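Each of the next two complexes has subunit A plus one other chain: subunit B in the first, subunit C in the second.
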Partner chain A sequence: MTAPPTTKAPVPEARTPFYRNVKVLAWAFQVTVFFVVLAFLLWLWSNYLTNTANSGIPTNFDFLSNPASFAIPGAEFDSNESVRNAYVIGLMNTIRISIVGIILATILGTLIGIGRLSKNWIVRKLSTVYVEAIRNTPLLVIMTFTFLGVVLQVMPTIEEAWNLGFIIVSNRGIGVPWYSEVSGAALFAVVALAFVGWWAVAKWRHGVSERTGELARVGLYGGLTFLLIWIVGWWLIGPTFTLPMIDGRQLEGGIRIDPSYFSVLIALVIYTASQIAEIVRGSIQAVPVGQGEAASALALSGFQRMSLIVLPQAMRIAIPPLGNQYLNLIKNSSLGAAFAYFELTNVTQITVGNGSPAVPAFFLALVFYVALSFITSAFVNLANRRFKLVER
Partner chain B sequence: MKTKKLLVVLTALMLVLAACSSDDGSDTTEGGTDATEAPSGGGDGGSLLAEVMDRGELKCGTRDALTGFAVLTADGDHVGFDSDFCRAIAAALLGDAEAVDHVDLETSDRFTALQSGQIDVLVRNTTWTASRDGSEGATFLATTFYDGQGMMVSADSGFAGIEDMDGVIVCVAKGTTTEGNAAATADRLGLEWEVRPFDDNDLIQEAFGAGQCDGWSADFGALVGIRGDQPDGPESVLLLPEVFSKEPLGPAVLDGNDELAQAVNWVVFATIQAEEWGITTANVDDFLDSEDSNIRKFLGATFTDGDGNETTLDAGLGLPADFAYQVIKQVGNYGEIFDRHLTPLGLERGVNALWFDGGLLYAPPYR
Partner chain C sequence: MTVTATPQSPASERKPGAGYWLKKNLFRTRLDSVISVVFGALSVYLLVRVFLFVFVNGRWEIIRVNLKLLLVGRWPSEEMTVLAVAIIVMGLWGGVIAGLIAGRQRLAGTSTAAGMNAAERVSDLVRRFGLIFATILLLLLLTSTAGPWLTMLLALVAALVGYWLGRVAGLRKWGALANWVGVLLLAGIPIGVFLYTTAATPLAEWEGFFFNLTSAAAGIILSFPIGVVLALSRRSKLPLLKSASIAYIEVVRGSPLFVLLLLANVSLEFFVPAALAPSKVVRAIVTFTIFSAAYVAEIVRGGLQSVPNGQSEAAKALGLSAYKQTSLIVLPQALRNVIPAQIGQFIALFKDTTLAGVALGILDLLNGAGAITQQPDFRGQGLIIEALVFVAFLFWVGSFTMSRESQRLERKLGVGTR
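Take a look at the complex of A and B:
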């Protein structure tokens, strides 16, 4: 019950000298590191400027206005267009193969990942063999195999092309039917509208099911609505579909899938799918076992257990490593440069070989790749934030 | 308090230090061989030539698989027309034709290798163009081989000339004048060509052999060598008669290395001049005491000058006086080099003959 002693005497401030003061030292260290790094970068920069000045190599971006002096097949690009436009086409091609590659690799990878956990022995073994074989093979080797082996050797020459009616396969391209004389955007909009219709019908049917207790049958109603909107929409727009044909040595009509694009895409999908399969398998196994057991206790079928309970929780876990694989795919697409696919790295190499200064040209390519990676990881982070477990 | 004051003082000190280092950094316009430890590209004329001579080895940029021009054999030797010119330059600068480091380069990074100093001289069947002189920072030297672009097709393709090739796929090497010329030629003739570029001749061979490419376009000299290497034999392909561009092939050094540039120039001229006089590896020793004092000056032998003194000619190129003798003795004259590598492929001298035989090879006088 005694109050603690108080005193009115002044307490001297404890002052550690600056060379022992932790706060000062921390700051001093950071400032030193910053300036050391800055000095190093400035030294590299001055090095580069001196050497290029001595040999007369320009260090600016004026080369972008020069004529490209090479043509890009498949794009409306002849040799008089500017280097800038070549870069744009290269970037578009990189984006194109990345998006398609990501979608296909995710689908294939998820299926194989689930396959590795299957109760069916042969499915399990095949999936394991696939993953172990492909995962341990360098991507360049896979791509060389798809290009030299699959495209050049297996696919026939144009004279002996496999004509499957609406698809023609040859080693200089795969012809598929395509629309013409209509805007692709309109056709795409109809398909998007069909998806919206499916979603709207799904909501309606869920509401009906809640109120009346009858089966929602979303698949039936939604599927029918989807098909209805798609068919009617496209019939109204009236696109003409042209089938591919062989005309001399070329594939006329329809659209031609470039053999380099095909081989690079297949290689990217195969390789990335093997990585994604492992990620998906790991995340499925990370979902608590009790979830699966509870699903069985509720008399859900195996398919329902996987698709309604386990997989949604697994994908939440899988999102960050999946994002990593997507970034890898985007950067791995640069290997297409060795196989005549006109993506960004290839275009950069060609313009440098034709006289553009190397450092600014590759710096520009670097900036584009970094931008693509940032955008992709922004989307992945968005998905992650949206789906992650909210913890206290 | 005191901590904050100390932090301010520290930051001020750091800023002063950074300002000092920035001064060194912005010193870009002077010769600057101290501030920059760049491998070469010295900037002041003679330093690369002197550096090569000090080093005792010439770094020559070349390739490993172009029949006739540069092939890496199983013994690890580079054999070919361009390889012999690398040896000639080494024989002149260093007195030893084998003191060469043949650096194999891909087509797409031959110029960056030159710019970065990885190689001293590029002797890799490279075409002399204005933009390479300019923005690639290369200095091209005397042309060793006047070539043109040709087209190779399969013998059973039915093409008799370039004009027949409409709606075809043409495969070329990436980042070469071939690529640009193919596109320009197609535009000019109103033909539709899809030009597919590959980094490596091996890939083009695969694509051509599998029927993906209707035509393989490259320099005519290179195509002659490639024809000889075809897996189904030279009769399975056809070289179309049209030659549709000018491709003067010669060595190149980096801009700013004037003395090395001149030295390489005069090595090439020496091989041409020797052929003009009929000097070969076999008989060069006999020419050392020739009656013609021009020949003796050329070979670095002694001659009697105007005052009656015995002297040798030093043209001030920075080369040893007997450089031409070493080149001829160790490698040979132009005709010998050509006959050794290109004549067996079936290439005629054509425009690569001496000027008095109707060709373009003309050496300025050595005096």
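Take a look at the complex of A and C:
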């Protein structure tokens, strides 16, 4: 707020008294508001201190070192370990489901978003029905449906499991083949190396393309390099695969996908994809039609037109709202707590149920979520800056 | 971007036959034909499955028997007349508001219904709200008593009477005093209805779909003033206010509603004197308000940014004070532009009220659906799918209708196009 124009002509030495000075008033106003809010917060805080003292509930974070006294299935965690370690596993599980969910939801959402603009009538209508049906249904209803309706009802019991040889589906979990007898770090290193190889080849091909005008074919060359490094690397470390098997009432070998994890993930992906589809559709429509027409005039194929001309420009528009959806997915993964998936919220809820003080425990969970949100937004902002149209 | 006028190609003016349509939309290329056949088969299969489920295989007895539990929870039977009166009065209220808007639009010449005849007007209404009418009719058909029929009939009559009254009032110019009385009256009716209803059944016992609807409405209404204040603070040049509101908005937007509800469930009583320990429904509404205030603030901030600088500069040039600049010039334009986004936020909150059922153990629509499948008559028959489909349908009808209305309003207001 700037000072209103004052008439300076009549008396030059008459100064504005402080109670009419806009700057002073503005400061007085905000200091007053600030202290009123502060007083309210202090009132809440003192209530909290009195009430917890009266009931003998601790307000510090010492509970983190207590034994957790609950077990987490699917993790190397027994009930004597500390609450702190339980939080770490919970946080890891939240990150795990978020990353997988974000990747799958982006793929599905982009496909459906493109489908809504397809020239094919059936594809267009099916995509529209999907988006309108899912977007207007509460996520929790969808999640309840995938958990109670699909996993626990449609999937067979372990005795009658659907055994496809390499995949076993039952309501005890889904068994898929997985490597064994090597450290995860070595495998991760190979995959990382393969990505670096892809990146280097892509850079080289782009250079060649710019010098000679030849097609870059990054996908082809890069993908081949990736596969090559991956296969050679894996052959060198020599992991063996195990197939899932049914041993009595347990799934053995391979890796078991927990039914809770599966149903929560599917619901998150289905729901978020419907939101992403709308973003993708809007962004594609925001790309000037002339761009697509110019691509057609250059005799690019439909796929090339989409992947080389339209989508890269649409992605630029889509990044900020996509980032919001990723944040929503991370936050929505907290609903996994209602379906026995051991993520951050569930761990917090259980440890509070076991006698940890509620306010510090949930405060810690909130801190983790806010931190995750900030980190994700930082990545989104980075991507946004990287892809933003460079203007004068 | 260069703007070129693309002339309508003469081919599209020819009336194309069915064969042409099929070729253009389904069998353009060979790949297209394969896709059409595969997805066509899939859609036919899905349609048949859905049809069979809804009309043949679905065991809807569980919904019919538990309809009251799902809609209003354990609302005492002897207090049902209170609810009926509340619905009828709110019908009248809604009718008056719709009529007022219609009358005002007629005066201002912005009415979309002006050029329509009676038949077109009815078909427009059916297209926009037919789903809701059909759903209410469906629910009425599932009841076994006359009470709900009578209530809805009276509510409809009240809405029509209210519409007529509102239109008559809206077509006239009133003095400032009469305007204020009218506004206070319109704001007072819902408050009066609320007090009347809570006197019969305390807020703590509001359950079922009724809880989902009312708590979402309460959350969005209560969060609105907080959101406006936060948005104004965030845009102001006062550093203390600005940083405080940014901190609030970003922290709340970074935390999941579910965790906040769980926190409220176990710890809200610690933060107030013991005598004030709130009930579950109050906890839910408080959390909804705290949560959506941050989102409303961001929406309002967007609206404030959409008002051109020239507006406030012109107001300043006219010598209006900072308060008057904001309240008379900037906010009215900003708030008008945010109505569609506000509806979107209401839909989101409406869907998120289901979280309160799980987090706080309130017997809302979703929780009720889980509970009825555990009744002795229905246990172990896998009826959860029927129950969930019913729940999803009710939420879907509400959200879908509202989102379409918000899109319509967005087009009408021309948000983003000017």
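FYI, the second predicted complex is superposed on the first by the 352 of 392 C-alpha atoms of A that agree within 3 Å, B and C clash if a C-alpha of one lies under 4 Å from a C-alpha of the other, contacts with A are read in each partner's own complex, and residues count from 1 in each chain.
Basically, contacts are C-beta pairs under 8 Å (C-beta built on N, C-alpha and C of every residue); 3 or more make two chains touch, one makes a residue touch a chain.
Keep in mind that this is a model prediction, so the values were computed, not measured.
Novice: In the overlaid three-chain picture, which partner chain does A:Gly184 touch, first (subunit B) or second (subunit C), both, or neither?
Specialist: neither
Novice: Looking at A:Gly223 after the superposition, I want to know if it touches subunit B, subunit C, both of them or none. Which is it: first, second, both, neither?
Specialist: A:Gly223: touches no partner chain.
Novice: Of the two partner chains, subunit B (first) and subunit C (second), which one does A:Val370 touch, if any: first, second, both, or neither?
Specialist: In the superposition, A:Val370 touches subunit C alone.
Novice: What is the contact status of A:Leu148 with respect to subunit B (first) and subunit C (second): first, second, both, or neither?
Specialist: both
Novice: Is A:Glu132 in contact with subunit B, with subunit C, with both, or with neither (first, second, both, neither)?
Specialist: Touch partner of A:Glu132: subunit C, not subunit B.
Novice: Check whether A:Gly207 is in contact with subunit B, with subunit C, with both or with neither, and answer first, second, both or neither.
Specialist: Touch partners of A:Gly207: none, neither subunit B nor subunit C.
Novice: Touching A:Ser334, do we find subunit B (first), subunit C (second), both, or neither?
Specialist: second
Novice: According to the stated criteria, A:Thr345 is in contact with first (subunit B), second (subunit C), both, or neither; which is it?
Specialist: Second partner only, subunit C.
Novice: Once the shared chain is lined up, is A:Ala358 touching subunit B (first), subunit C (second), both, or neither of them?
Specialist: Both partners, subunit B and subunit C.
Novice: Across the two complexes, what residues of subunit A are contacted by subunit B and by subunit C?
Specialist: Dual-contact residues (subunit A): 27, 31, 47, 51-52, 148, 153, 337-338, 349, 352, 358.
Novice: In the complex, go through subunit A and note every residue touching subunit B.
Specialist: Contact set of subunit A toward subunit B: 15, 18, 21, 23-24, 27-28, 31-32, 35, 38-39, 42-43, 45-47, 49-58, 63, 69-71, 73-74, 78-79, 148, 151-153, 157-159, 171-172, 247-250, 259-260, 337-340, 346, 349-350, 352-358.
Novice: How about subunit A: which of its residues touch subunit C in the complex?
Specialist: Counting only subunit A, the residues touching subunit C are 1, 4, 26-27, 29-31, 33-34, 37, 44, 47-48, 51-52, 119-123, 125-126, 132-133, 135-142, 144-145, 148-149, 153, 288, 290, 327, 331-332, 334-335, 337-338, 345, 348-349, 352, 358-359, 362, 365-366, 369-370, 372-374.
Novice: Which residues of subunit C touch subunit A in their complex?
Specialist: On the subunit C side, the touching residues are 1-2, 4, 24-26, 28, 32, 35-36, 39-40, 42-43, 236-241, 244, 250-251, 253-260, 262-263, 266-267, 269-274, 316, 319, 321-322, 347, 351-352, 354-355, 357-358, 366, 370, 382, 384-385, 388, 391-392, 395-396, 399-400, 403.
Novice: Which residues, counting only subunit B, touch subunit A once they are in their complex?
Specialist: Residues 2-3, 6-7, 10-11, 14, 17-18, 21-22, 24-29, 32, 35-38, 41-43, 107-108, 111-112, 115, 129, 131-132, 134-137, 167-169, 174-176, 179-180, 183-184, 186-187, 193-200, 203, 206-207, 210-212, 214, 254-256 of subunit B touch subunit A in their complex.
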